[in-house]
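To keep things simple, chains are lettered A, B, C, D and E as they appear, and every chain counts its residues starting from 1.
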Amino acid sequence: MGVREGRTLSSADDERETARNEILLEAAIRKRYAGSPGSSFSLDVRFAVPAGFTILFGRSGAGKTTTLEAIAGLVKPDAGKILLEERLVYDSASRVNVDVSHRGVGYVFQDSALFPHLTVERNIRYGLRGVPEIERKKRVGEILESFRIGALALRLPRVISAGERQRVALARSLVTRPDILLLDEPLAALDAPAKSRIVEDLRAWNRVRRIPILYVTHSREEVFALGERVLVIERGRIVAEGLPQDVLEAPREETVAQLAGFENIFDARIAALHEEAGTMTCLLNPGAIEIEAPLARVETGAAVRVGIRAGDVLLATEPPRGLSARNVIEGTIEAIEERDFRVLARVNCGATFAVLLTPAARRSLGLAAGQRVWLIVKTHSCHLLRPAAQD
Amino acid sequence: MNWQALELTLRLSCLTAAILIVLALPVAYWVAYSRRRWKFLVQALASLPLVMPPTVLGFYVLVAFGSSSPLGRLWQHWTGHTLAFTFAGLVVGSVFYSFPFAVQPLVNSFLAIDPKLIDASRVLGASRLATFFRVILPLSASGVATAIALTFAHTFGEFGVVLMVGGDIPGVTRTISIDVFDQVQAGNYAAANVTSLVLLAVSFLILAAIYAWNRRAWPRAPWA
Amino acid sequence: ARASGQITIAAAADLDGALHALIGRFEGQTGAEVRLVLGSSGNLTVQIEHGAPFDLFFSADVAHAAKLERENLIVPGSLVRYAVGRLVVYVPKDSSLDFGKRGLAALADPSVRRIAIANPRFAPYGQAAVAALRHANLYESLEPRLVLGEDVSQTTQFVVSGNAQAALTALSLMFAPATRSRGRYWVVPQSDYPPIEQAAVIVGRSREKSLAHKFLEFIGTKEGRAIFQRYGFATPEKRQ
Amino acid sequence: MNWQALELTLRLSCLTAAILIVLALPVAYWVAYSRRRWKFLVQALASLPLVMPPTVLGFYVLVAFGSSSPLGRLWQHWTGHTLAFTFAGLVVGSVFYSFPFAVQPLVNSFLAIDPKLIDASRVLGASRLATFFRVILPLSASGVATAIALTFAHTFGEFGVVLMVGGDIPGVTRTISIDVFDQVQAGNYAAANVTSLVLLAVSFLILAAIYAWNRRAWPRAPWA
Amino acid sequence: MGVREGRTLSSADDERETARNEILLEAAIRKRYAGSPGSSFSLDVRFAVPAGFTILFGRSGAGKTTTLEAIAGLVKPDAGKILLEERLVYDSASRVNVDVSHRGVGYVFQDSALFPHLTVERNIRYGLRGVPEIERKKRVGEILESFRIGALALRLPRVISAGERQRVALARSLVTRPDILLLDEPLAALDAPAKSRIVEDLRAWNRVRRIPILYVTHSREEVFALGERVLVIERGRIVAEGLPQDVLEAPREETVAQLAGFENIFDARIAALHEEAGTMTCLLNPGAIEIEAPLARVETGAAVRVGIRAGDVLLATEPPRGLSARNVIEGTIEAIEERDFRVLARVNCGATFAVLLTPAARRSLGLAAGQRVWLIVKTHSCHLLRPAAQD
């Protein structure tokens, strides 16, 4: 404790570096939900979390909530071990199982789980039992203010909106200053301005506190806005782990690729390996397109899948000259549409590529369907993917 | 109108209801939240005082209180007299008899609470006990009201056990129900009618107060 | 079998033993079927007033039977005094009280903390008990120790269960095995209290009046009286 | 052991519980979902049968059913005999007496249902009645179980009303509770003990079955 | 009914055109939530909805859920009138108030509100009471399949994940084939792939059905993916209405602008009006930057606010020549970061501009902090905004 208090006095950047290396949450969890009709589900994860934001990212039903519940002590794992700040809170081997209320965990549930009989203010005060009244008043007042829910203070949860409830739930957890924070899609019901305000608050808050925050989300925007690290979970297993850009921009797993929005995923066959150049040639789809990708441990002739982000594809209206990019593919715009300030063009080059542009670029190039264009893809934008598990 | 009997009965009913709530809360908590597979047996057991005819139950209570039972002798050793024929005896008998009415409504209310709320409380650092008093109990207001209303009313009208255990001693164990029974037995129907009306009026007021209080407790219903 | 009708007798609880014996004999002799319903005289009277399907009513006193007669609910002239109850003091087996020597005054012993009597407001044995205590000049001093039972059965149970140290109750109850095994009794002299006369009537609504008459006649026979005596009742004095 | 009385009592208890559930469901529905401000008075009123000593209540029921009351005469006109002293009379008396135990658990269960679920059902095109049977009732399983268990047990042990209204006629209105009462009155304690044990055993089995069924009904508790 | 059935046989495009003009839901709703401690809320909206998707967009607490509830009949308005397919279902004047169950409305609640005692399959069957068993089996089977929840069919809602619950709730409403569909953030708990799959399903489904779908969301992506029309609601009032691009890309209200993600909003003063050119000159911030914007009804010298989308700003590393764009602003890159496959640059030109780029563009231009750049903003990318109401 003393160490962490001291650390808040040092400069934020220094601190982040040291904190990065200090693992504050370590978990190995196995849990099986069997016996339910239909398929059964089994969770088997092992990960370490330093101070700061760690995003738990994965599709619906992947086991994110179950993981958080096990850490909080709400669900008992079948086997495993959980350490919070070097304190053993669960260990199936030595039969340690620290009670939920003593784990010092802040938890925001996927449904807000506010106490229906208490006003918003009393909900927020709930966890401040031992805190002196003056301090308590101050903390509650501050958080009501910063989450813009002061006007709701005397209302019951029943008569506020869903987004308001979510803010109250988040405030209720934060106000207790937990040692670790588990957030299960805490902003799913919030609009963009409210979301970014709260995200900003959370970041600022954690710059001072430096506790580990495990944050579940589906939203890629939130991953990049918050995430210092990402854990990708799929069917109960951690399938990728690392910095957001490493994990989501260069995914090895096709499922991660889908989650991360690899709009272009092609079946491919390795045509040649160029050891000296560090590249290899892949034939996409029926063999119509030849692509240079970074060299990988595969055999010539192997069937692979290649993912390319739509945003990594450059588009030109004339054949480009004097470019470093090895892959230039000619094609025709099949369709072009604007979506959420981004322009998505579908270009047929034998296979159909999705290409992402800014509206400004579209206008300056005067792009329209039917137009002849050239796609430019850098070698390092081509990602070899392991095939997805059967769905 | 025997006001002394009325006052005695009110005292008995309130005391019994109060004791029962205190006794029933932990039992109901256990029944609601235990993971034992056989807890339904405990539930059935807790309902058993009901199935005995009250006078017969009273008889067994009398035997259990008597000088030939260990319990009766222990009590006699402490207090100098048997538990029977005292106000304390009435209270014990009534508590035993009305027990099922206190437990079951509480169990139902506890079970109706969203488990997520209990999790939320625990995660916020509240102990099991604190969670019970700050979340479970307030959310069980209607169960508590029902338990109080039923045990109160049941004790108010209780007759068989009181008759057996009490010995009908004026001011000590002659409750209003025994009084009106005596009047009927003696053929004083007019007096019995008056007493019955007073009895109904008083209990109606008290029950209405209990239910009105419950209505005011946080309303969960769609119209509130 | 010589099936010849069925009657239902409503009777005060203290007649349980005696009537069972009588009915056994009567059924054997006539082939009729007799159902016995026991209860307090007060309850049974209320029930007859409201149409209970009883043919005969054996009250534990005369008053309830007379009330029904006044209300014209009985077969006129059917009221008979069939027995006289006897009051006893019943104490636990290990009791050291010596009634033989001291009579009712033995109840004044400080070891007797509770004395059970039937409720004198409506139970004839209760009224007799109060009269006997007054006669012995004990009522004032013993009143604080009195506990009231609804009827003689309950009064007796207070002693059987060990909660009262003495009970003033009916001799007719002293023949049940449990009562006998747990206590002893002393018969209070009949001169100490007004006689507990008990009367029976034939209910006006009865559909088996002749059979009911037959039963009433049967208890007036020598055999009937003997049975009553055996179960602790005195024979009523003839008065017309 | 008087098996006839036991059979009679089982028949009475089951019939009473069945009738009470049917009667109590609409009343409880009204109490739970009505927006009237004075509904707590109805709740209090529905609890009143409890506060009368059963024998006194029985006395009034007798007066109401008897040959001298208009109701009694009407019944007599139709059926040829009074309602009192018949099995039907017992049923009516027991239903009246155990009414509060049926209503209140149901009200509580109804109130505990998330109003959103009722909205969801209505939006899916279900009528109020369909919503009641397809959502409200299944979600009130524990209230229904409690109502059945309490009314069943209460009727099983019921004594005062049955004694007054029924008249203790063997095979018609002599229930097991009256039978054991008679045995105690007659000082046949051994027989009374046997009867009491059988009575307890039988009701324990039935109550356990009710609560076990309830446990099997969809479990809402965190452990299930 | 006969008309709509017939319509499904005509070509999808023709049909869309005719349906556009046919108003199938008309509502005027006033509702006040008073008496609650804190501020009270009042809703007063009037709108018409044709067949197809109409997005109800607005920040948390704006009154979206209340609006849907009033249409469904779950909340009784204080006053107003609601017509569904020319059928009057609510009218305070003539005291018409058709029962919820007879309004033919499909409603997906913000919390899924599944029946906890029924399996997933039975939940979905719930609304199919009158339908013959064979047909019912078919429909349920189809929707289980298309929402990928077949494996959950026999589970209780308690033991499935939040996203799974949301899919079941959506399936339960759709399977009844309602005449109008009200969806309250039905995809908030879903991951991107599941979301886009279901969005695709919904679009396909509605191409055949052509019913009005009122869809509440906070997500701009969903607005553009689904919305044929948008209603923006703010503090209980409709503040904007129209096609997604019109409303969200050229917002008149600053709140809409914020919701729509106008990253650049500046205080400005009108310097000159050029009637003949159809433009006007605005001085941004302290007057450091001069901008040409489309002519509007304002006086010279008026204080206004100007919004520019970050995606509309072009960035060049050399002073551009021969361009039609009137606004070219020189500046320095303050910061540049990648977020969710988009590159956000902050450029200081006296005021700070946010500029959105593709990662490919960033790389090809070799952009880095400190670099000198030129911003190019087309006149029509500058939007005059009304100031936001006080928050």
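As a working rule, a contact is a pair of C-beta atoms (placed from the backbone, for glycine too) under 8 Å apart; a residue touches a chain by one contact, two chains touch by 3 or more.
Just so you know, these numbers come straight off a predicted model, no measurement behind them.
Touching chain A and chain B at once is no chain at all. The minimal number of chain-to-chain contact steps leading from chain A to chain C is 2.
One finds 24 Å separating the Cα centroids of chain A and chain E.
Averaged C-alpha coordinates put the centre of chain B at 19 Å from the centre of chain D.
Chain B and chain E have Cα centroids separated by 58 Å. For the pair chain C and chain D, the distance between C-alpha centroids works out to 36 Å. Counting partner chains per residue, chain E shows two or more touched chains at residues 111. In chain B, the residues touching two or more other chains are 59, 119, 181, 184, 220. For chain C, the set of residues touching two or more other chains reads 43, 46, 154, 157.
Touching chain pairs in this entry, ordered by label, are A-B, A-E, B-C, B-D, C-D, D-E.
Residues 33, 36-39, 58-61, 65, 110-111, 119, 148, 151-155, 159-164, 166-167, 185, 188-195, 218, 220-221, 223-225, 245, 249, 258-259, 261, 309, 311-314, 338-342, 356-361, 363-364, 376, 378, 381, 391 of chain A are the ones touching chain E in the complex. Those residues of chain D lying in contact with chain C across their complex are 55, 59, 62-63, 65-68, 72, 81-82, 84-85, 163-164, 167-170, 182, 184-190. Chain contact summary for the complex, chain C toward chain D: residues 8, 10, 13, 16-17, 35, 37-39, 43, 46-47, 49-54, 151, 153-154, 156-157, 160, 173, 176-179. Considering their complex, residues 72, 74, 99-102, 104-107, 109, 111, 113-117, 126-127, 129, 156, 172-173, 176 of chain E touch chain D. On chain D, the positions that touch chain B within their shared complex are 32-33, 35, 39-41, 43-45, 47-48, 50-57, 59-60, 100-101, 104-105, 107-109, 111-112, 115, 118-119, 142-143, 146, 149-150, 153-154, 156-160, 177-178, 180-181, 184, 192, 196, 199-200, 203-204, 207-208, 210-212, 214-215, 220-223.
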